[in-house]
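Since the structure comes first, as structure tokens, the remarks are kept for the end.
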């Protein structure tokens, strides 16, 4: 069926339209972020092109009726939180996946307990943690309760990534190192870890981006100090201005920067493997 | 000491220590559990306990601005006798079904194209990544971006007017159920495309060729070979989409203009007014709906094998 | 000296090793021969410490080994896939054990270099220290795996189907290399293989394992000429087996007769056996010529196929007509008779 040109063309065209549909909101958002300000609203037509709202974000415009976005501290909190979540969940994910390399009774139960973390809607986990912390009289905070539920969410992703990586890992390489008299912990550091590093990197990327953008869990679990998504949510109920679009464009660019760093690290660790694979093909 | 069993022991045995059964070391026996303990404990304490707490609190007594641990069914009775709450339950299921349907209908052809029609693995990956890139914009900002898209003077209306397809702007696009559905489909459809495309990529091409050689037409090949083989992918995609749509409240809050109330919105509102017991009831109901949906989908697919 | 006593191992209901006892002499090259699933690799992995025996004890030079973790055993292991460290160069692969082992690691770079170079020289890879692993051929990988294992001076070197991943030519060369290296180092080598020719060629003694039990432990020529049981004879791929009803004028009351392929003579039908000879009548099917050897295939009335091997260096090929009956004759004392005819089905 994949040889029929008509079907192929139709599906290809559809896919182009589909991808346009995925990108349309972002394109509109990017265009509107260049709306003139402060009088221009978050809609068409563009009165005239300007970078007013970008300046507005950084407080470089004279004060107007539009209040600046309360994002400075929230951004820093979100970054710290995402980093801590990334480290913790990658560590937990690697440990747990390592345990799954052996058969043990109850593995199915543990597997579903962990995967539940990504399956249960965030609003429920957030509510549950809020209830427990109220019950125990513990204050909710972005670095405490929020961190806990973020790891609950990202740890399963890290676990699944590491599980896939370790499934493909050739365990005889570890055995070879032990047989040379190298103790298991050192073997893990010198052999296993370098070989699974690309997987660890992917797990970290997953955890970081998921935590950085996490909203429903955070809504109930955070205290008075807002994270970035909470700050954005705060603008929902009030009138929105193109400054939020300008901010959206900037955060997207920032995400791409993270993605680029990931790609770079990945390319560095994969390059050797690829060079090697090519040589094997020639041989 | 065990006597030599047969004629296979050669040479004289000069060893004096008795033959004891090998005793596993401590780390060997408990190593697996040591590795499991941190993750399992984390999930028990910060996922299982909170969820159980939610069930527990749903039976507490709700006072105006506080709750008391006196067990009662009052919140449950209130929930099911209120048309708002029951309506939210119905709306949630309704929106879930519609969004799931559209993510499947709109996502499957794209997955089919990526997984089956693009032969080059690198191109496949590039197109898949292209689909994922929008995710690197903040979720909430992506939701907000639909407002200038769908509004009366929004991009869609402008485009349709320019093309002469309509003479007056459509104003049911924004702040209605339609906008919520469009928004959710756009946000979640990729979760359907990915698993299905992966499944399609795994199909052995020679199977399709063999069927063609036997004279099967395209539709028949699709119906009898391709589609059944992608069903696990559809199930995995459906699980992802269901989990996210059922727990939604931000999209409806941003795009429905208070017209669409999902269970998620109920929970947010109740928590906002410190009605914890009501929120807990809504949470338990939502969990139950989730459980039924996921259990049904898990019958179709073994998650542990597919993930 | 390595002493294995009463080792048992089960995987669920399946018995992998059933009361295996062995004693390996200092400096011996021992072949461990068995079909897949015979437990030979399991035994090797238990000696190395990768798996734990359910019961039994292993002693190395009188000291019990079983309670020690892998890295404290001093037992080298070369696995079938070589298991080289793909992210390290050849030199770093070989140096790995020296640098990072727990017991007296070698820190001084000069000393590491001296010993690694010496070992690479021994395995014939003197020039290739700087290469990446993936740049090596199969045979070179095999040598790196050996060098990596031997450089840390193990008490024993375990080889798990070491030639399995190599092509026929390379296999030949490596068998010679392995023997040379073994002679130089004088430590115990235990070589696991499923190939009877390899086992006979390499081992000073051959241990035949089947279904978790040791069937025979003997010098190669004894195993070859006097297999201890029907299974061993079968496994050597060199023996024809006959129920008594397959034979003319049954030579033994019951049991199964085994006779090596090359000890059978083909005679015209009607040939009368002399007193010390056994005879059976069979129909010639076809012949297979392979250089120095011709194999003739016959079928018995029972349907069983008999192979007769003529070595052309000391025998003239026989002129046989397909479909005709011939007498197959051998000296009765050269055949072995084993009990339990049921196994022979």
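In order of appearance the chains are A, B and C, and numbering begins at 1 in each one.
Rule of thumb we're sticking to: a contact is a pair of C-beta atoms (placed from the backbone, for glycine too) under 8 Å apart; a residue touches a chain by one contact, two chains touch by 3 or more.
All values reported here derive from a predicted model rather than from experimental measurement.
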item: Farthest chain relative to chain A (centres taken as mean CA coordinates); value: C
item: Chain pair with the most C-beta contacts; value: A-B
item: Chain centre separation in whole Å, for chain C relative to chain A (CA means); value: 54
item: Intercentroid distance (Cα basis), chain B paired with chain A, Å; value: 16
item: Computed distance of Cα centres, chain C from chain B, in Å; value: 54
item: Where chain C touches two or more other chains at once, by residue number; value: 69
item: In the complex, chain A residues that touch chain C; value: 170, 172-173, 175-184, 186, 190-191, 194-195, 272-273, 275-277, 279-280, 283
item: Chain B-touching residues of chain A, taken from the complex the two chains share; value: 1-2, 4, 7-8, 11-12, 14-15, 18-19, 21-26, 28-29, 32, 42-44, 92-93, 95-96, 98-99, 102, 104, 108, 110-111, 113-125, 127-132, 134-135, 148-149, 151-152, 155, 159-160, 163-164, 209, 213, 215-216, 219-220, 228-229, 232-233, 235-236, 240, 244-245, 247-248, 251-252, 255-256, 259
item: Chain A-facing residues of chain B, complex; value: 32-33, 35-36, 38-40, 42-44, 46-51, 53-54, 57, 106, 109-110, 112-114, 116-117, 127, 130-131, 134-142, 144-149, 151, 153-155, 158, 186, 189-190, 208, 212, 218, 221-222, 226, 239, 243-244, 246-250, 253-254, 264, 267-268, 271, 276, 279-280, 283, 286-287, 290, 294, 303-304, 307
item: List of chain C residues in touch with chain A within their complex; value: 48-50, 69-77, 79, 81, 83-87, 96-97, 100-103, 132-135, 137, 145, 148-149, 152, 154
